[in-house]
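Contents: one structure, followed by commentary.
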Amino acid sequence: MTNSWTDIKNTDLVVIMGGNAAEAHPCGFKWVTEAKANRGAKLIVVDPRFTRSAAVADYYAPIRQGTDIAFLLGVMNYCIANNKVQWEYVKAFTNAPYIIKEGFGYQDGLFTGYDEAKRDYNKSTWDYELGADGYVKSDIDHPRSVWNLMKKHVSVYTPEMVERICGTPKDKFLKVAEMISECSSPTKTMTSMYALGWTQHSKGSQNIRCMAMLQLILGNIGVRGGGMNALRGHSNIQGLTDLGLMSNLLPGYLTIPNEKEATLDVYMSTRGFKPLRPNQMSYWQNYKKFFVSFQKAMWGSAATPENNFAYDYLPKLDVPSYDVLRVFELMHQGKVNGYFCQGFNPLLSAPNRKKLTAALSKLKYLVVMDPLQTETARFWQNHGEYNEVNSGSIQTEVIELPTTCFAEDEGSLTNSGRWLQWHWAGGTPPGEAKHDSWIMSQIHLRLKALYQKEGGAFSDPILKLDWRYKDPGSPTSEELAKEVNGYATEDITDPNDATKVVLAKGKQVVSFAVLRDDGKTACGCWIYSGSFNEAGNNMARRSTNDPDSTGAYPTWAWSWPVNRRILYNRASADINGKPWDDSRKLLWWDGSKWTGYDVPDILPTAKPDVVGPFIMNPEGTARLFTRGLMRDGPFPAHYEPFEAPVVNVLAPKIRGNPVARVFKGDMEQFGDAKEFPYAATSYRLTEHFHFWTKHAHNPAVMQPEFFVEIGEELAKQKGITGGGWVRVWSKRGSVKAKAVVTKRIKPLQCDGKTVHIVGIPLHWGFMGETKKGFGPNSLTPYVGDANIETPEYKAFLVDIESITGPTA
Amino acid sequence: MNMELSRRQFMKGASAGIAGTTLGALGFGDIEAAYASSIRPWKLANLTETRNTCTYCSVACGIIMYSKGDLKKGEKADIVHIEGDPDHPTNRGTLCPKGAALLDIVHAKTRTLYPQIRKPGSDKFERVSWDVALDRVARLMKDDRDKNFIAKNGDGVTVNRWLTTGFLAASATTNETAWATYKVVRSTGILAFDNQARV
Amino acid sequence: MTTTSPYDVQPGDRVHRRDPVVVDRHSSFVRVNHWTTVITMLLLWASGFALFHPSLYFLAGLFGSGENAREWHPWLGLVLFVAFYGLFFRFWRACLFAGEDSRWLAGLPKVMAGGDEERLPEVGRFNAGQKMFFWIMAIMVIIMLVTGLAMWDQYFYDYTTIEQKRIMVLIHSVVAVLVVCGVIVHVSMVIWERGTLQAMTRGYVTGGWAWKHHRKWLRELVTGGRVGP
Amino acid sequence: MANFEFVLPPAPTTNIKVAFGEGDLVARSASSVPPPAKQLTPVAKLIDVSKCIGCKACEVACLEWNNLRHPIGINTGSYNIPPDLDPNIFTVMRFTEWVNPETKNLEWLIRKDGCMHCVDPGCLKACPAPGAIVQYSNGIVDFDHEKCIGCGYCVRGCPFNIPRISRNADQPKAYKCTLCSDRVAVGQGPACAKSCPTHAIVFGTKDEMKKHAEGRIKDLKSRGFSNAGLYDPPGVGGTHVMYVLAHADKPEIYAGLPKDPKISTVVEIWKGLFKYAGFIAIGGLAAVSVLHQVIAGPNRVSRADEDNAKRLAGSDKK
């Protein structure tokens, strides 16, 4: 989220699209109801299903899953055509005026440079035209300005085209577009609340970008009540991502080197981020400080200038990422021997269950750390039709380690709004359950002992890992949190007076502003720097003070970066530093510095008309055109899901996202609309949380049994009755479920074809208190988003029939 | 941070005034009357309160856990009730159906209690000690790493990666656990490292 | 001795030529049956009326508690039903109306007011009043059973709607009151007609009692040869 | 936090002060109580159906607070799970898919069902067990399970079909929402109101709640719901659980919320008129019988009758 949950109360219009906040995040959704009740805000829900969010919406419009880009580009087209643009914002704070290289183009659904064999683009033309001074040329009226290219790009998405692609009736689309366009006024703002309804597509990243672009032309980024608000799923998935627990990341969104970057110098050469416009901050210029401090936190005194701060200790990537889809693909090929699942149940949460079971069966060992008895830890156990396996033929050794749960553990979690909140342990762990940090330490120490005793493959990174905790077998949360914040590894002196120590060795750094690239500071995660400094554990702050009731709560817990509550907050004021909306002031220029309710996103003394608000970009502005940063295009374009009920009307030859990665064998496992006529989607229900709450009694009482939802029309056609049993199958698998027949799902008319929708919630498995059941991952295709490989769970094809119930 | 402090902060906060007026308006004076026989005795009397955060979604609602026994005093603590934390700016004491049932996951019948190993081809888990389990994990890791570690790629570039073992990290552990996990996993050269952000 | 007997003569009915004449009227089985019915009915009243009006709630004390009263009441009701219908199947033929019954009824008020019973026609084993009591009770017991079952939530909750339950409970209490009224009449007649009670206690009546109140029945016994020493 | 009027305070664990009790009763089933020395401020729970997202948090919070263990059921083709109130669940969401005939729009009506805490409680009127159902001067209607005899009369008395009898228990008892009397007694709000994520359920004094409802109704009217209104039915003297309905003109579309609820005439006759009529009938008849015995004198068998009998039986010839 660019803003926070509590900031939503400041909005005038909430658009829930690609998510279902009322069901998945009820307590966050309260701020929508507050905005409605106290500001007269309106709520729009655009969804294939009439959800519980829609139940309290002012306006609901149906849409076919996987066509959000067409819808949103249609809205942009409407705004541009009707001059509903926050021009001052667009001209000052976005790259709209910049000129793009000659040769860039878009035709037949493809951008310049497509290589069909590689399923990839040569992106050399997707960039700015630079002037002789090395800066980007800027002229909004130029035919190749970002604005003019964008205007042309979106012009095809007329209301008629939107109806044809999305199935949204034209009048409903126009009503939504009109309501949204009103927020181009500087004194009206809109917030976008989205979640996996946008990410779980083969073009998930572009779905989100598309709304971000719309928000930029409406001037809604960086303002109170605006923003792009990703409703993260899990309690600390934001934290784990921030801390870089991903294949290609280091903490704080630094990146793992690839194998072409053999040395630190080469690695740094592509991460210098020289400003592209005059006077811009281009904050990533500090990259090396963060990187070196990270290396010091990892390997302490073993990371020295002489060994390039242990650069070689880091593994180097040979592919863009070893994401979960690639790893299961490799496992399926027999190329993975060992796998750890820490609080993760991939047997139910990764796509194509059949393939997953086959893959896990090829492992030599599987280690599962979890507070609950997961299906993954029991993938080898026969549970009848719910897990039909032959245990005897599975040679995987499985080790299940009991862990504590939240109630028994202390530490911080990062919420969707980037707040790091500390919590305390209140219960004794059951049985012999242990903290995850204890388990990880034990594994490390035992592995280290084996290497010390026996030697072995390159053991330095293990032997020299900085593990100086009071009890190395069990580091405390405080010790770890202090390490993440960062500290001085040596006395740091005043650059003007070498005798004056400004930060003594061992002291906590105040924030990332003092991190250094010479090895004198260590910091686990630079964006978390400031969370636990010499002022104490800021994450444990509990003051409910909220000056002028802005919803910022600046002294409740701690927000990254540097306790900033709204990202890009400088954009809340115009080019002269005057707030766009006096009733919703956030920051303003008082003549000499920035002041207001939040920590400014730029140097407090950076002049408003000189330094742009988007300091992480070398341009200092936000990007309507992303240059080469996204694999599937600098602008979003409509692509159908890989399994779509209709062909792509704009580019009939293209199936799915043309650059999404498809592994050998998986393409053949995609079904087509002839064989599988119904458009399925998967989702959560408010009564459950993924595959956890089926272990908890009361949630199991509230939704006891796996079901699928269909509309009355399809039910009638197929002779299906509510409460009866159905079989749903795709090219990859088949499930049995109870049927819920509802008015809330209606068939859509897309390109002259009636599209029926089948809704498949995801909470059932074969462990826990609920009735045994299946999940949508028995059906879903093995393909991910072109940029970040999030599996396409939200749009796929199935067939359905009525059956008699299971005999059991 | 202890409870007393946070309670004082709450009382200073703006919400205290509101809560106070509501209470006052309900006409509850300070008289101490006997319970009526229809009314159940107060079930949270003399329990220990601990502040925590809901483990589910990323709204991160504040919760108060009520336990018999105080962990901080070194006692065994049994959580008997969980309720929203009214001080919390986001949830204001409210909880969703999952959060309201947090107690049921803490005491789920299907919690893992002991380390277990399932041998190849077996149809059951066998309980083992932590030492046996952890030594086994370390041994399996080392054998696989020593056998499959790639120090240099085909071009002779130092790559120091281990691709035959992967690690899927949690989504509800603390940042501190995540950091400890990061250190341990990366130090081995594992690249097949991912979390729940995608699904 | 006889091959056929009149519709109202019971197998054990017998005239004994003693002084005074003794007539066997109710067998020991019938008497046990009757008193079972009486006792269950009293218990039903105690438990039922405890719930009928707060001023009678103390009656629940007989059962130990209100819960017990509530729990026993339907079971007692079943016992009463069985007991009463034991009597019913024994006497229903004897209680079929006969030709003289209407004349008997017509003459009854004057007799009640102290008139001479000789003016009434001779009646068989039961007079018209007894017969009416019998049939009314038979119907009311059925009504009590049906409405009672509808109130027996443990087993029959799902078979009625709330509105039906409300009507059922009203009917149950109205009929209960009618039953009580019927029994009051029944008992007061027994007391008024001296010599009647012993039919249910000792099982026999005097010949004079039979002569006076059920002369036709007495004649049937004699002519039917049901006479002994 | 100014806009959050009804945040409920943290639940205390020490220094617990009980604010009301036996002395605050205004009605007691099958018995009478002395008028209370003071009048507590009437409380109310306001359920704003237009804000409800049907998440069932209130159901779960209720189960947790009251330590109820409801069995795990099945899906019968809707979101109405558990399908009905029962002794193990005091509140349920009732989902109705309703197509507004005027706008042709689908509206998903979700109503939290449970005890309304009537000012004139039918359950209390029907209850035969002294003190099993009580009403406090703050409006709470509560069941005392020590005194409840499980007869189910409250089920018949309630115009909203709320109380349920635990049929399979050793000792059947009637159960329903207590308005969390134990929580209200120590200055807390009900568990459901505390949990409600959108504050669709709020709790306070009845006056506060009515005022709050006015604001909500104004907001709804501004959004085109011209028939929005408060449900506080006068037929039962008003209720201490009220609804804000977008279509207050037709409450029955909300899963059969009664339009003009009042204690059933049948129940009124049963518990009113007939109580007297019954006594009069029985008492009157008994009196008449006694009078008859006295006036008419006993009907005795005479010597002549015995002789006649002897003659008839032939024993005189012996």
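In order of appearance the chains are A, B, C and D, and numbering begins at 1 in each one.
Operating definition for what follows: a residue touches a chain if its C-beta (ideal position, glycine included) is under 8 Å from a C-beta of that chain, and two chains touch if they have at least 3 such contacts.
From a predicted model like this one, the values you see are computed outputs, not experimental measurements.
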Please identify the chain lying most centrally, where each chain is represented by the average of its Cα atoms. B
A student comparing A-B to A-D should find more C-beta pairs in contact for A-B
Roughly how far is chain A from chain C, going centre to centre by Cα mean, in whole Å? 84
How many angstrom between the C-alpha centroids of chain C and chain B? 73
The distance between the C-alpha centres of chain A and chain B, rounded to whole Å, is 22
Could you please state the distance in Å, as a whole number, between where the Cα atoms of chain A are centred and where those of chain D are centred? 49
Mind pulling the residue numbers of chain D that touch at least two other chains? 1-2, 4, 55-57, 59-60, 63-64, 147, 197, 199
For chain A, what residues touch not just one other chain but two or more? 26-27, 30, 544, 546, 686-687, 697-699, 702, 769
Can you name every pair of chains that touch? A-B, A-D, B-D, C-D
Give every residue of chain B touching chain D within the complex, in rising order. 7, 10, 13-15, 18-19, 22-23, 25-49, 64, 66, 81-87, 89, 91-101, 103-104
Within their complex, chain D touches chain B through residues 1-2, 4-14, 16-25, 40-41, 43, 55-57, 59-61, 63-65, 67, 131, 134, 136, 138, 142-144, 146-147, 178, 181-182, 184-187, 191, 194-197, 199, 204-205, 208
Looking at the complex, which residues from chain D come into contact with chain C? 30-31, 128-130, 147, 149-153, 155-156, 158, 161, 165, 167-168, 171-172, 264, 266-267, 269-270, 274-275, 277-279, 281-282, 285-286, 289-290, 292-293, 295-310, 312-315, 318
If we count contacts the way the header does, which residues on chain D are in touch with chain A in the complex? 1-4, 50-57, 59-60, 63-64, 69-79, 81-82, 97, 99, 105-108, 110, 197-200, 215-216, 219, 222-223
Note: in the complex, chain B contacts chain A through residues 1, 5-6, 9-10, 13-15, 48-62, 65, 67, 69, 71, 76-79, 82, 87, 89-92, 94-102, 104-123, 125, 130, 133-142, 144-146, 148-149, 151, 153, 155, 157-199
